[in-house]
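The first chain written gets the first letter, and so on, giving A, B and C; residue counts start at 1 in each chain.
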Amino acid sequence: MSIFVAFEILGTIAFAISGAVVAISKKMDIFGVAILGMTTAVGGGILRDLILGITPPAAFQSPGYALTAIAVSLLVFLPPVRRLLHWKEKLYETALLLFDAIGLGIFTVIGVQTAYIARGELNAFLAIFVGVVTGCGGGVLRDMFAGTPPYIFVKHFYATASILGAVACILLWNIGQMPAMLLGAAVTLALRLLAAYYRWSLPKAK
Amino acid sequence: MSIFVAFEILGTIAFAISGAVVAISKKMDIFGVAILGMTTAVGGGILRDLILGITPPAAFQSPGYALTAIAVSLLVFLPPVRRLLHWKEKLYETALLLFDAIGLGIFTVIGVQTAYIARGELNAFLAIFVGVVTGCGGGVLRDMFAGTPPYIFVKHFYATASILGAVACILLWNIGQMPAMLLGAAVTLALRLLAAYYRWSLPKAK
Amino acid sequence: MSIFVAFEILGTIAFAISGAVVAISKKMDIFGVAILGMTTAVGGGILRDLILGITPPAAFQSPGYALTAIAVSLLVFLPPVRRLLHWKEKLYETALLLFDAIGLGIFTVIGVQTAYIARGELNAFLAIFVGVVTGCGGGVLRDMFAGTPPYIFVKHFYATASILGAVACILLWNIGQMPAMLLGAAVTLALRLLAAYYRWSLPKAK
């Protein structure tokens, strides 16, 4: 298994957890939890492939990702895990923040990479845009299906963290694809967590 | 007219009715009813075609389906029909359940068939996934546009009924395409109605 | 710069304003405003290109449109502009109605034109359908992301204005592409504004 595949599986697991956590908080039953976890995990990649003209999207051809996401969601649904999440009020929010941020970082740079491979050249604007859609798409679908305002519109530095991670990945591309992707994902993850921790405050309409 | 086309028209009518019923319950005006009925009826097929790379999607090339769905929605909007729906509180829910389940069953197996034809071979995972998206897609769009939590996340055995119907259709494929599709659709329809009638209860997060 | 490009930029600006106005009314912060403005402006065109099989969609290849939309959204977010919008209760609603109607008219006929060019022949049904999706798509995404019932399902003559503008554009196509598009957009704009001003009343389910 290549390190790229391991990276994608990690992103899939992280987003599946975030989807399952949201589904549980919305009192969905076990099937709703599995489906929302899977949708969150594979949704961004499906949007990415549709935009790049890769049909059927990879998720529809390789059962591994969807099945991994379903298995992870079912694990999160296990009573001991759920009890853990409810143990402290804050734990639910922290888990959602953390796993969503990991998925955001990983899928952003995978989107950049896929745009690069699909087009055979690095069109920076296309790569950033596709990276952001790949990174944010799963979470947007998760929040819309769960009936909550999408994170991307209400959380500080959500899309911005994704954009800056994509930019970092592209700027570092020449040092090697894997370090560029790892550092790009780290930039997004770090910015997103810092913004949440320090509650970076942005101008808001009154 | 081939029996396949008749089958697809029946699914279109059933989903158009379900969309119109939801729109009426949301107090939409006549245009909203027509558009929601049409979106429900052709939405799943459009998603299916985008995933399979069939562009423009069939619904955009053959006016018949969209126009049928609009005509059916306007019929449902006629005062006598609406009065009938309101006659008993339960009738509205029953109509929605029944026609949604018929559309779910038919579009699931049409999705399986389209995936098979488009790829020239039966990739079981792809066919099931595309079948479920085709079957559930129209209803998900309907519920999201109407501002209600999508059926697929909150109703027992919704996606599961679709998955099991797709699996049955694929297992039976060798006995002939049409009997496989009819039986697959029947499996989905029967499971969905049984689950609703007996209120099959699934574990839910507390 | 061709007159067609100027026309598309005008539509982009109008829809970006409508998206920013909705985002501000939903108390989103400056990033949410920029992203919702951009999504509204480029969303319809992206759906159009996916349907026609044009991948990556134009918006992903030409940075101009997305960046224009972001810049316009940030301008709308400037305190003096926001204060102006809040100056009178009605002004907010009027701005949304007006700019949404301009975007609806322009993107409808651009959708018709793109369908025509992409297919090399004028398939009237396809052109109308693609025109309506292009015109209404950005606004539907805007309203769904903002958590409000989509305009298209609740406003009188919204989709109808788009359909009639597309039909006018197609009927006039032989007198020349540009006059046909200008008149088609004018038909949609005029019908939408007249319907809102005179509160054209349509049958509604009781």
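Everything that follows uses one rule, which is that a residue touches a chain if its C-beta (ideal position, glycine included) is under 8 Å from a C-beta of that chain, and two chains touch if they have at least 3 such contacts.
All of these numbers come straight from a predicted model, not from anything done at the bench.
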Interface sides of chain B and chain C: same vs different residues, half threshold: different
Turning angle required so that chain A lies on chain B, C-alpha fit (0 to 180°, nearest 5): 120
Distance between chain centroids, defined by C-alpha means - chain B, chain C (Å): 29
For chain B, residues that touch 2 or more chains besides their own: 50, 53, 144
Residues of chain C that touch chain B when the two form their complex: 50-53, 115, 119, 123, 125-126, 129-130, 140, 144, 149-150, 152-154, 156-160, 202-205
In the complex with chain B, residue positions of chain A that touch it: 23-24, 26-33, 35-36, 46, 50, 53, 55-57, 59-61, 63, 66, 77, 82, 144-147
